[in-house]
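Same chain, two partners: chain A is paired with chain B first, then with chain C.
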Partner chain A sequence: MTTTIRRRERPSVAASRDGGRRGLLSRLRQDWWIYLFLLPTVLGYGAYTVYPLLASWWFAFLDWPGFATAGTFVGVENFERLIGDDLFWNAFWNSIVFLVFAVPLRVGLALVLALVLNRKKTPFKGFFRTLFFLPVVTTGAIVGVVFTLLLDASGPVSLALVWSGLIDSPANFAANAGTSLYAGIAVWVWKWLGITLIYWLAALQTIPQVVHEAAMIDGAGAWAEFRHVTMPLLVPFLVIITLIDTVAAFNVFDLMQTLTGGGPSFSSEVIEIFIFRTAFQATVPQLGYASAAAVLFGLLTMAFAIAQALGMRWARGRTGAA
Partner chain B sequence: MTAATRTGVTWRARLFRRPSPGQVVTVVLLLVLGGLWIYPFAWLVSASLKSSPEIFGRGLDLLPEQPVWENYARAWTEVGFATYFVNTLVITVGTVLLVVVRSALAGYVLGRYDFAGKKLLIGVFLVTFFLPEGYTIIPITQLTDQLSLLNTHAGVILGLGAGGQIASTLLYAGYFRRLPKELEETARLDGAGHFTIFFRVMLPLAWPITATVVILTFLYAWNVYLLPLVFTLSEPGLRTLAVGMTVFVGERGTDWSGMAAAAVISLIPVIAVFVVLQRKFVDSIAGAVKQ
Partner chain C sequence: MRRHQRILGSRPGAGSAGRPSLGRRQFIGGAGAAALAAALAGCTGGGQMSRESGGSSGALQWWDQFRPLTKMLQDDLFAPYMKAHPGVTIERRQMDVPDLGQALQVGRRSNQMPDVHSLAGLGTSAAALVSEGWFQPIGKLADFQGSPVGEFVYDGIHRFDGEIYSIPPFSGRWHEAVPWFNTALLKQAGVDPEEEPGTWDQLRDVARRLTKGTDDGVYGIVVPSKDAEYLQILVNRLAMTAGAPGGIDWATGAYAYDAQQYADAVEFLVALQTDKVVHPASPSMGARDARARWAAGQAAVYLWGAWFIGGLRVDEPEAVERGVGTWHIPCPEKSRNFVYSPPQPGTFWVSSQSKRAQEAAELMLQMTTKEFQTKLAAAMDQPPALAEVVEEAEVHPAYRQCVVNFQDDVRIAPVPEVATPAVWQVLAEMRDVHPNLGDIVQSVLTGSTSDVAGELRRYNDAMSAERERAIKAVREEKGVEVDTKAWVFANWDRKADYDQKAYAER
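Here is the complex of A and B:
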């Protein structure tokens, strides 16, 4: 009757109390209901997450012109073609440029705002927090469409810039090959800044008020306090927030597809748009080729995640030692 | 909240003491930045009430000459946003239910019990935590096609809710782990079985987590774009609001005011839910990160 409760403790303890190690089979029989509870997750997760993870690798070795047909095995041909495909590398580098500009901008700007909004003296804190959070809840694809209008050469952004003298003649930054990727970055930061702001505010709440008071008594100015007291305490959060935002920067299909569609002339095509276009928009779908691109994309994401996980371990070790 | 009133009082006290120049600069900068954040929404609402030529013809003037409510009627009935709205609602509700049930069940046993295979399961969760959607879309489409669920609501719901969503499972597991074990002991003495205990005792106790999971999943399912787009490429009647919006651009590219009205229709539900549950939203996200 109480065996299930007891089993919550360490297995070894439970085993000794039962007067001997229970066999795996009897454990499985007794825990049948646990597996029943897990069934929906195991089935769903197996089919919709684990299977896609593995199947992509298989698909990447196929010549596969559509879901209705069976693919033929072609070995590493897809990868060979990808390596020689300028459009793939264009998309690859666009994704990297996006990441390199957008993530520091989003993380840094959000930190500055969080520091301001965390100060006791700042008025209307709740109001500003809500305001900056508003775009976070909106639909990325719709934000993209709306910004095509806002950024139109005769739209408000262009008019305001001309009126203030920052540009000479009306311009559409989303439709210019030199600026389209950066227009996407700007809109992305606008849309997602609020959530990073909330992360930072949550991080700042973990710093006790006593620390701030101690710094004041020591006569530290605002900058000195930030540099020598707040910042070292924030380093572990910096790593995790950067990781979350980096992964987010790899999921920008909705915004970029609707804002620029990857254009003009592929200037803002990120990897996801490349995959989507190759798999679903070509007259003859190239599912194997797109899968090969997806696999390389997955490896890239994983490399960034691992690098940052290592960074996190390093940061933890450092603060632990200090 | 006491914290809010306290800061309100100090702020008022400071006003009488005359704010320092640094403070004035901070507030002015915040207001300018805040203006950049609110302007697109103001412009969108204004554009949805103008006629199409008026949108780009009147400079920065936000007020329409005369509100054109007809834009909304056109987007709703003629373009089909009524259908898109219902589709989005069905898909969102289905996904939220699926995710809540599935993650609560799994989170409960993961948080409170040891069983063979637990480490393996958690290992798989961690490895797949950051899988980008661009990576999984082709196999998921192929699987849905095999199951003959392409072009159905069920296919989209399963695609969105059956896999992934690890954060929800971990949130439940973390919460259930902290509940005292006497809860089960007492219930068991009353003769309750595993399922009664879960549905009558545990799940009701976990309502704060359920609220968080509902909010996060609602946001995700309402706003998602890639998967519904791919799943409805050959079935226009199944489009969601996000997908319908981009079709609007392709098919009626110059009906800007109709487009703006459609965008307002699509965004109103999320923004309304956000405004009502604001504090819960922010706490959910902050809480999920701290975990």
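Here is the complex of A and C:
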């Protein structure tokens, strides 16, 4: 085995040394088959990711009624209209509220469940893991439709709450302007909890048992061990998991469209539904305007993320200085 | 290549003796290159796949949303035509309205339009689409003007620049707020179907009796308020029964959403809700969901269009067997007002990309015959253009009654585009205003607002401002001569149809 590895390493090391000196054309001619195998991915990524991304930027500067085959350039007019569009800002803030509530809830609940399911003493661990993972493999649109029935005023959730005396009269959680967005958040967290749980379980299993044993020998209780041993080791995973869940929280179209349709009265309209409505459901579909909404939302989100990162760096700096 | 073979351990010259050797990697690489070449060869310069559009690849493609017509179109139109024309194949796709609208938009941009399609889900005027080059004229391919529906062909709706583009196989004399009732539930509650609730108060009373006199979990009425468009249409129709001319007052050309009749119509729905006679899950229902709940016996009355019974027969036939009946749309008072609908627009249009326009025109001409119209009536969707055929068609008695009621209740309204062709440019320029009538009603019914009059006034003002902006834009940017007078029909008689003669005398 050692011999084989050494034999295979040699050419690649040599190639990497030569790589800098050789020209692109020479490398293409020499290793053409590598690039041939890369080509499908490059083409697919280019056609289905890079092109739509760049195209949406270009479309954002067009006045393009959906019935026309092409749009006309209008500069930043779409962005100016968006800034004055209350429904855009309503959708923007709904998306932010969704993010702010849903991501910590999903990450936190999944961590708690993972800690429980990671314990040796927990019975039926495999069963519970499967149970929590089942909603993940269910189609979002189907979940939305089913929960529309479960959460309406004649559904089991409302009836159970009335029966238990928690509410006076039947409530329609997905069709009430005050609760529709939060109903969407709850269903989304329920649906995706299982996958975050798997991430956390994988993360927990990277912590060596000896670390726990050492903490135990030092007299640490369960809370102290979690706080001072487990959690610090999980922080890198927390960052990744939060990032993954944050991205997922911006992709809730199927669930929200089937659960609430963005209503009632736009109370649960997230940015994706706003874009869809503008692009496809308007009397005259406005492709340029919808693209501008997507671009502006992306820019604003990016600005938030940068501000947050700078804020964290500043806070860390101050803490370090203190 | 030899170097790679060595590194990966395959033996040089391992191929069969006497034939060129082909290693695994060579094979995969070659196959990949061939597949790539094939894919590239299949693309045109414009980035579209080489499949020719408009069904010229073989079958005549036909897209529409008419679910109740599925069997009838196949058996009574397409199959006989294909039999008479052995070289022709017709493929029909039925889609829900929103799906159809999206499919058409995408199909248009990718040059993959069907040969014939309806306009459902596009939400814009046919004139705007004609101007964008969506369709081709068919008037010279078949004698539509001399057909039985020739008198229903209007400039600005079916005919543009003297060319007929489409015809109305359906009647314009219909509305979407027909009260359909479950006869079994009425019997259970001791309500006589013959005691027609002619007024809003009487309908409230019937709904109360139905809720009280039936099993738990059964309600007098269902109002699918998740669907803002349904609410917009319903309130518009109810306001007409209260005396409103519609969203526009034809005497002045001004928007009329702030009229008292609209506020009254919204308050009527609120009153039904306050009475607790509306199915409590209504806020989570779309129009089709509500029909399913009605069919399941959870609500006794549902206000929807003439196609209700045809759709039931396809999806929930047992509900038709159980018993279904209909009443006139109720009015606030015993004196009745009319409901106004525009002339029926063209239903099917031939794509400008189609190479089968002749066949499409022949099929559409067949739709105008009395025989086909009778079969169209039997499908119980929208009433056929020749409404008199319903009398002898094989239809459910409730459907026949519904069409008879339309003759009493509905009058044909003016259409500004017919009188002033430039109006379509203004309509195409106008942007949606939100919250619109449907959004406002939804807000009221879900408790988000109670200021009905204020919301309606704001909407009315916003619509007026948007129309002014659009008029200004098309005048300045396109040099179109149009103003708000195009919406004025001073000779409109609210008791009569606004027909071709009325346009001429305007």
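Please note the rule applied: the second predicted complex is superposed on the first by the 274 of 322 C-alpha atoms of A that agree within 3 Å, B and C clash if a C-alpha of one lies under 4 Å from a C-alpha of the other, contacts with A are read in each partner's own complex, and residues count from 1 in each chain.
Keep in mind that, in the parts below, a residue touches a chain if its C-beta (ideal position, glycine included) is under 8 Å from a C-beta of that chain, and two chains touch if they have at least 3 such contacts.
As the structure is a prediction and not an experimental result, all values here were calculated from the model.
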Chain B and chain C placed together on chain A: clash or fit? clash
Margin query: Contact-wise, after the overlay, does A:166 reach chain B, chain C, both or neither (first, second, both, neither)?
Written below: neither
Counting residues of chain A touched by each of chain B and chain C, the higher count belongs to B
Just to be sure I read the superposition right, which of the two partners does A:266 touch: chain B = first, chain C = second, or both, or neither? second
Per the contact definition in the header, classify A:65: touching chain B only (first), chain C only (second), both, or neither.
second
Task: Considering only the touch criterion stated at the top, classify A:152 as touching first (chain B), second (chain C), both, or neither.
output: both
For A:280, using the defined touch cut-off, is the partner it touches chain B, chain C, both, or neither? Pick first, second, both or neither. both
So, A:37: does it touch chain B (first), chain C (second), both, or neither? both
With both complexes overlaid on chain A, does A:210 touch chain B (first), chain C (second), both or neither? neither
Review point. So, does A:87 touch the first partner chain B, the second partner chain C, both, or neither?
Key: second
For this session: Look at A:175 in the shared chain and tell me whether it touches chain B only, chain C only, both, or neither; answer first, second, both or neither.
Result: second
Clashing with chain C: of 3-11, 75-83 or 183-191, the chain B stretch 183-191
Intersected contact list for chain A, partners chain B and chain C 8, 11, 33, 37, 40, 67, 148-149, 152, 154-155, 280
Listed in rising order, chain B residues that touch chain A in their complex are 4, 7, 10-11, 14, 23, 26-27, 30, 33-34, 36-41, 43-44, 47, 55-56, 59-60, 98, 101-103, 105-106, 108-109, 112-116, 121, 124, 128, 130-143, 145, 158-159, 161-164, 169, 181, 184-185, 188, 194-195, 198, 219, 222-226, 230, 233, 241-243, 245-246, 248-249, 256, 259-260, 263, 266-267, 270-271, 273-274, 278, 281-282, 285-287, 289-290
Listed in rising order, the residues of chain A that touch chain B in the complex are 1-2, 4-5, 7-8, 10-11, 14, 24, 27-28, 31, 33-35, 37-38, 40-45, 47-53, 55-56, 59, 67, 113, 116, 120-126, 128-135, 137-142, 145-150, 152, 154-156, 159-160, 163, 190, 195, 198-199, 201-202, 240-241, 244, 247, 250-251, 253-254, 257-258, 271-272, 275-276, 279-280, 287, 290-291, 294-295, 297-298, 301-302, 305
Chain C contacts chain A in the complex at 3-4, 7, 25, 29, 32-33, 36, 98, 101-102, 105, 108-109, 122-124, 128-129, 132, 134, 217, 225-226, 228, 279-281, 283-284, 428, 430-432, 434-435, 439, 442-443, 445-449
The answer for chain A against chain C in the complex is residues 8, 11, 33, 36-37, 39-40, 65-69, 87, 148-149, 151-155, 170, 172, 174-177, 260-261, 263-267, 280-286
